[in-house]
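Each structure below is given as structure tokens.
Presented sequentially are two complexes of subunit A, the first with subunit B as partner and the second with subunit C.
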Partner chain A sequence: MQIINSITALFYKEYKIAYKNLYDILTIILFFLLGIFIFVFSIGPNEEIFQQIGIGIIWTLLLLSNNLSIKRFYQNDFKDGNLHLLHMSGMSYELIVLVKLITNWFFLQIPFFIFIPIACLMLNIQNDNIYLILLTFLIGSPILTSIASISGSLNLLNNRNIEIASIIVMLLSIPVIIFSFGIIKAPPELIKPQLSFLIGILLLFVSITPWICAACIKIAIRNS
Partner chain B sequence: MIKIFINPGKFINFANFVIKPLIFISIISFIIGLIFALYVSPDDYQQGSTVRIMYIHVPSAWLAMLTFLIMTIYSIIALAFKTPFGFIVNSAVAPIGATFTFICLFTGSLWGKPMWGTWWVWDARLTSVALLFVMYLIIIFLKKTTNNINLGEKITSIFIIICSINLPIIKFSVDWWNTLHQPASISKISSPSIDPSMMKPLFIMTIFFISIGLLIAIIRIKAEILERKKII
Partner chain C sequence: MLLANNLSFRRENQTIFNSLDLSLSPKKIIHLYGNNGVGKTTLIKILADVLNSDSGEIYWNGKNIKKNTYEYFSNLTYIMDSNTSNNQMSVIENINYWTKLFSSNIKSTELESVLKMLFLNTKKDIKAENLSRGEIKKLELIRLVIEKKKFWLLDEPYSGLDNDSIVLINETFRNHLNSNGMIIFASHYCPEIPNIETIDLAKYANN
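The block that comes next holds the complex of A and B.
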């Protein structure tokens, strides 16, 4: 019973922090929308080209805006000693990572479900494809969150070269991009197998992320 | 016997013992292999003389993957049993693997221009090997991001274990997707789909690549061990 109480308390704390830093989250969304503007200016307002490459633009920008949230995961909690205190109060690191994953997915990726259709309308993408983008993003966004969490925990004590965290995120999210772009471009009979492959990647990442992140946090706490 | 591959002191003894034969083997196999590859082996009936690129391309690709496999095994051992020798091996071997991957990509693109008509195709095999190269570079950089060398090594080992998922993808990419890159010719040992006259120089060049890779690796590991002893 006590563990449930502490989990709820942790959820409440994460919610408080996210609500206080609401403008930081909105900044990430602003980055996404502004990126689409930049793409439009650099390619030129040609509707036929956008119908072909618009999906790629949207997925690229989702990945890049995921990069901005790397530091949000463990950096602050690690620096002020919160992670260690939470562990001493009886929660395992794996559980903390899992709660962090859920809250970060909720607060950082759910807002995109409102702004992706807007971006699609700005790029003249067909209605059927908008549903498919939302479906793939529903499956793909937890993968993106867990990749950002892995990269954030790998670079906990890294103050010099934080750019390498973004590179790790880009490297690991290549399969997500391949399969989610493949689903949208595929003929109707090939959608289902690719979708199940994407779900397989999701299950793999969700199952290994807590262990990897917990191992990294333990190493960082021992060496700090 | 196994302690040679885990214990640094015994490894140095083993290295001193094995270093001269390795130099000998690599020089001999290099000369014989080049003679076989450039003069004795026949031209391909379709590809002409460009088939001789294979004698460098294929062994370097094998060694690039083998190096990553060794790094994966050593990082698992080092993290599980807390032996620092695995970290030493990782940091010594990563640049060698990166070099072999670069040689593989470079010769592959030189081979692709006359045969396929392009330097580069976005094909499953080529893309996954290019990603392997990026992974090697990240492994080299990631170790040096923190001032604390202990932390950097452990983080790098975890990253290596995550990235080892790329190895089966490279191996089976030619079977899973329809690629421009041809499937493996030497997968079946009993009846390979390659002629013996071409198999022989390939075999000798593979021996050369393995021995030169092992030689550089042993020298680098030895230097790394001695440097760490100096710090302590």
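The block that comes next holds the complex of A and C.
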């Protein structure tokens, strides 16, 4: 019973903080939209080109905006000792990571479901493809959140060169990009296998992320 | 009952302390004392299972705390050197969060009187980042009352507090000891509490 109370308490706190930092989420979305604008300006008004590369642009920017959320994961809670406090309330680090993954996915990735269609309209992408992008993003976004979480926990003790965290995220995201982009270009009979592959990556990441992050957090706390 | 034997800690090839033994039974209070850099916070962190000691073991009721971590944690309130209250949440939000987190059965009237005693009752809706240093420390110390655990481990509980609050904290310590509690704290200030045991960490330094 106590563990359930602790989990609700953590959800409550994450919600409060996310609500008070709404502009953080807005910044990330603004980055995403502005990035697309810049692509449009630099390539010029050519509908055919955008139909070919539009989806790639959207996925690239989703990945880059995911980089902006790395610091939100554990950095503050680690510095003020909250991670240990949560541990002392009876939660294992794996559980803390899992709750953080759910809340961060909810607050940072769900808003994109509204803004991806807008971006698609800006890039003149066909309606059928918009559904596919949203479907791949539904599967791909938890993977992106997991990757940001892994990178954030790996860099808890790293105060000097935080940019390396972004590089880790980009490296790990390559498979997500390949398969998400592949689905849209694939002929209809190949959509399903590609989708299963993407779901496979999702299940892999969801199952290993709590253990990896918990191990990293433990190491960081022992060396703090 | 807390027992620690032969604790030692090294950092960057420098011994901070060596072969330190410690035992604490109910109704006892230990004051860790020593100059800066002598290892007070380090020892407290080792006792709270934040850091690993290089040698020695810690037992709670005869069980190694490394193997029975959660049982130990369910008896331990740890006030850290950093402030665990969230800057962006108001005083009352922080308190609500802790109450839920530790499944506390503290009554709202009790909480109200504690807040009144600490002069925080008028600042309930103020964000923690707008409080003064002493007020943040007081907010932090409210966790002692919320968690209602047996063993209190405090790192610099007096830093930044005014005289009234110090008297109040000492009173709380005495009450806790009378109800079979146990306390270890590190501070430069020496409070007037009967049967206080003082450990000078300089004695265990490198030799």
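Rule of thumb we're sticking to: the second predicted complex is superposed on the first by the 224 of 224 C-alpha atoms of A that agree within 3 Å, B and C clash if a C-alpha of one lies under 4 Å from a C-alpha of the other, contacts with A are read in each partner's own complex, and residues count from 1 in each chain.
Keep in mind that, in the parts below, contacts are C-beta pairs under 8 Å (C-beta built on N, C-alpha and C of every residue); 3 or more make two chains touch, one makes a residue touch a chain.
Owing to the predicted nature of the structure, the values given are computational and were not obtained by experimental measurement.
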Touched partner set for A:167, first subunit B, second subunit C, both or neither: first
Touching partner for A:1 - first (subunit B), second (subunit C), both, neither: second
Touched partner set for A:221, first subunit B, second subunit C, both or neither: second
Subunit A residues touched - subunit C or subunit B, whichever exceeds: C
Partner chain(s) touched by A:36 [first = subunit B, second = subunit C, both, neither]: neither
Contacts of A:157 with subunit B and subunit C, given as first, second, both or neither: first
Subunit B versus subunit C as contact partner of A:81, first or second or both or neither: second
Touched partner set for A:212, first subunit B, second subunit C, both or neither: first
Partner chain in contact with A:176 - subunit B first, subunit C second, else both or neither: neither
Subunit A residues touching subunit C - in the complex, by the definition given at the top: 1-2, 5-6, 8-10, 12-13, 16-17, 20-21, 79-82, 84-90, 221-222, 224
Residues of subunit A defined as touching subunit B within the complex: 150, 154-155, 157-158, 160-161, 164, 167-168, 171-172, 174, 212, 215-216, 219-220, 223
Contacting residues of subunit B [partner subunit A, same complex]: 79, 131, 134-135, 138, 141-142, 144-148, 150-151, 154-155, 158-159, 162
Residue numbers on subunit C that touch subunit A, as the complex places them: 48, 50-52, 70, 73-74, 76, 78, 80, 82-84, 86, 88-89, 93, 96-98, 100-103
